[in-house]
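Naming follows writing order (A, B, C and D), and every chain is counted from residue 1.
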Amino acid sequence: MQDFQAILAAIHAELDSVIDRGKVATYIPELATVDARNFGVYLNCVDGPNFHVGQSDLPFSIQSVSKVLTLSRAIGLVGDAIWERVDVEPSGNPFNHLSLLELENGIPRNPLINAGALVIADILVSELKNPKDDLLQYIRDLTDDQNIHFNEKVAQSEKKTGFKNYAAANLLKSFGNLKNDVGVVLDFYFHQCSIEMNCAQLSNAFYYLANRGTCKRGNSFLTESHIKRVNALMLSCGFYDEAGEFAFKVGLPGKSGVGGGIVALLPNNFVVVTWSPGLNEKGNSLLGMEFLERFTTQTKLSIF
Amino acid sequence: MQDFQAILAAIHAELDSVIDRGKVATYIPELATVDARNFGVYLNCVDGPNFHVGQSDLPFSIQSVSKVLTLSRAIGLVGDAIWERVDVEPSGNPFNHLSLLELENGIPRNPLINAGALVIADILVSELKNPKDDLLQYIRDLTDDQNIHFNEKVAQSEKKTGFKNYAAANLLKSFGNLKNDVGVVLDFYFHQCSIEMNCAQLSNAFYYLANRGTCKRGNSFLTESHIKRVNALMLSCGFYDEAGEFAFKVGLPGKSGVGGGIVALLPNNFVVVTWSPGLNEKGNSLLGMEFLERFTTQTKLSIF
Amino acid sequence: MQDFQAILAAIHAELDSVIDRGKVATYIPELATVDARNFGVYLNCVDGPNFHVGQSDLPFSIQSVSKVLTLSRAIGLVGDAIWERVDVEPSGNPFNHLSLLELENGIPRNPLINAGALVIADILVSELKNPKDDLLQYIRDLTDDQNIHFNEKVAQSEKKTGFKNYAAANLLKSFGNLKNDVGVVLDFYFHQCSIEMNCAQLSNAFYYLANRGTCKRGNSFLTESHIKRVNALMLSCGFYDEAGEFAFKVGLPGKSGVGGGIVALLPNNFVVVTWSPGLNEKGNSLLGMEFLERFTTQTKLSIF
Amino acid sequence: MQDFQAILAAIHAELDSVIDRGKVATYIPELATVDARNFGVYLNCVDGPNFHVGQSDLPFSIQSVSKVLTLSRAIGLVGDAIWERVDVEPSGNPFNHLSLLELENGIPRNPLINAGALVIADILVSELKNPKDDLLQYIRDLTDDQNIHFNEKVAQSEKKTGFKNYAAANLLKSFGNLKNDVGVVLDFYFHQCSIEMNCAQLSNAFYYLANRGTCKRGNSFLTESHIKRVNALMLSCGFYDEAGEFAFKVGLPGKSGVGGGIVALLPNNFVVVTWSPGLNEKGNSLLGMEFLERFTTQTKLSIF
């Protein structure tokens, strides 16, 4: 057994002295106010002890990390019918996301890019009575923690400025791949992105994906086969245009968000969450990417 | 001098017996109600007599033909400052219009594609006190005819279903190339498209472009140099993905609309307007395109 | 009647003092040796006197200007069958020429981009017994001048370095839109581009396009309808990604080459040829573009 | 311990009765002669017994599967310098492979698409004295089997018809990302693709990737870190436009070839090779894909 606490602390110390932490996201004005010096890590071992270092107990905006949780919820509700409306291929395309959607007749490449997550949001809005309340409760149940909330200010901030998301939703609508009103779907989507958790909570929320489907509370929401598929999607598509790079250097399924959080996991072994708000030029947490690369290299723990 | 009335009548008769008139546009539900058998032509000669055949006195929705008139209005207001926000190149791209906009950082290819016309609409909304009223008056003045109106039903119909235009406007907004509220700009845009005129009126509205800038009423709104540029843009960009085909077969600057109208003109000579609601697969009036090809071939009147 | 000699001389003098003449093309090593200070103009009036200024009697590499002449030759041989293998639309695409070819299954956008000119070259190689000799004789006959030659050094230079043309030819071949051997077609193509003429000769070569099909020698090679179409193609597609800009500012059908030559013409009126080897960033002669804009603005002679 | 022999036999029997086996590749004429009824599987367990079923001892053309082996060879020779010339991201793009190369200035998306493999071939041609002999010996050593050969007929067949590869190589050359002569690089590339092995041999050749770098002979050619990266690349990029689908359904790193072979592996556990020449519409072996999906679903053996 490796000394995880020492490893976490050592890598954290090395990186914490780095001056260039990338840039905090400013396109959502409310996110720009976060202190860039925060840097937390939480390692949540399946059937084992947990380890943490830095600001792992401060809540942050999970943003796109939420897409994995809404995907899980949608699979639980409608199963593989999802795949008639969204594909499972990496988008591989930094420069023209809407173009791909146009070329492929409104079928998003995968559920972890924005267009795909909007289709998932549309499914949840269709299927659930009180979509926002239900999603929050689902995540609280997964995490076994009732102290998880939307940040209404962040949701409203994105509602005012998220023009690319409005563009994507309207394009989906024009292809008939959005059943509900654009405004309703986006309201749900901006709320899911605004959810706040700390590193510890987030590691608990993703615990089921490392634990063959059984969540912190002991329930199972998805079959083992579905768990495998969600993990595969994170590996192929979880890091925007840097998915290949993350697979290549880190070698774990994972998902990042512009709030600076990254979740990664080794099936049957652990979930690890990092949080540092500064982003690299591809929009992923700079210190988080670096932390995870060093962590899997030193521990030799990866799926490959 | 050629016998234009005989030529118009002969070509009209040949084509009127054609059974396949293409498909009336249905994406704006209100447009789908038009009788596909209408087929009018109006030839408006500079300093000369006029000729007409068929339903040249029935009003129809001018739709994209309006883009030339709003462009003229905007040039009159802000001059060449327009070209900082929209380019003058053909789009040449049937399959991914929004993608081009993305790749080119929100600068539309030209003012006659939808994205470009939205930028022009945004300029007019910024510059004019009562944008819709002002535009209508401008067109009435150009035409010297007060009996020109918006069709509110058509405007509302497109407001409910024009998702691709909402997508384009939001994408422009995300690149900072739309100054006003998306909803306000689109309301103006849907109204400009809903304007109704008959072939005779429309030929009068475009008379200034064949008459070195002097409109029906005798006023000049644009310099000769600007007139030349608007005509050049119609030639390069007036027929969506069939601009080259129209230049090649017809050889006149022109503009089509999904209402089935086409305006074309020979500088210093004439304006000709055709109207037949059935469209070919590129979205241009099937009989109109054919009429104009035969007309310029028989009369040998073209810019080339 | 305007004083053309004075107008030519005045604009030439204004521009000749300009220091930034753009960059001489270097991608064909042999072209890089040309003296950038050359700047000739030749105005060839239909039924009228000719005018010239600067180095209008020095031969230069006509390069892509040759595409109009091979297109005419091919139309003369196989007529409208050409259009089954090449389209007539502007490419409108600075950044991914081969991609368009891929997306559109090996049908080039038009005969004036490289891929389209390769298809035309392939037709000539199929139809002619001695393709290179025949083409040279055809151009000598059009021009009524036997003193026109290939520059073998330039042809060989491009044969060694024209990798993008090899890529395009092989891509065409993979789609079955090249009937002959890639090497044979490219040998013909590199030779057609290497033809040298001076401004006066080149204006004579294009005289038939301003003179309803009748060339300098008095023969007619093409119908009036075909002449109209070739002129339309030059207007839509003659200036790479600056075709719209040229139509907009100059308002004449024309064609440029990376050797720094530009031919433009007003049907029934004149052919004008400019030569200045420095290119703008789109690959068109910087002084030539500027000269023609000023010339058509001052004389008010344009098709629009 | 699961009864692998029974599992292999059962799935093989189920699938062998399937009538639609897809289409044997015909674009390389020599490949079209293979009997579509062949269907072999070989399971090679790390430190354990092996299992096989069907025609696992008949040699077939490994084609693109060879790209993993040349990549390994190149990493062994020049290490991470490779990544200056080729990226590690999925291409995600079925429709315009050359376009991506154009847009990204001649840097192929990854070493497992053709353009990337050509860059790897170029590196080997630069680094090795007798590139073809050396590669063959390298693969024989990895496999611990001297009875592995090029199929000269297949290599020559592709040399005559592989126009898309000529196009890609010339495009790379135009961007300066091919150092050697196009013909020399393609000759090497067509030979590497023509290598023939049976399922058993191929599983031995890939054994080092499941065995932390130690090959059948006991040597190590690559570090553990490099092994992890090659496996990650196979997962992200090994199945053309179906990489996401393979990760999603099968959940193993793998690589397919148009000869109908697929190699997949679970680190520290096994290499499995399937061979059935009929391809699905994405160009991957139809029965092979299906076999592996059923195998990993039944055995619950995957990296996720």
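A few notes on this one:
Please note the rule applied: a contact is a pair of C-beta atoms (placed from the backbone, for glycine too) under 8 Å apart; a residue touches a chain by one contact, two chains touch by 3 or more.
Quick caveat, the model's predicted, so the values are computed rather than measured.
When every chain is reduced to the mean of its CA atoms, the largest separation from chain C belongs to A.
Counting the residue numbers used at the interface between chain A and chain D, over half appear in both copies, so the two copies meet with largely the same residues. Superposing the C-alpha atoms of chain B onto those of chain C requires a rotation of 180 degrees, given to the nearest 5. In terms of their C-alpha centroids, the spacing between chain A and chain D amounts to 32 Å.
Averaging Cα coordinates per chain places chain C and chain D 47 Å apart.
Chain contacts: chain C has residues 95, 103 touching two or more partner chains.
Residues of chain C touching chain B in their complex: 87-93, 95, 103, 109-110, 224-225, 227-229, 231-233, 235-237, 241-245, 247-249, 251, 253, 267, 297, 300, 302-304.
Residue ranges of chain C in contact with chain D, taken from their complex: 95-100, 102-103, 163-164, 166-168, 170-171, 173-174, 182.
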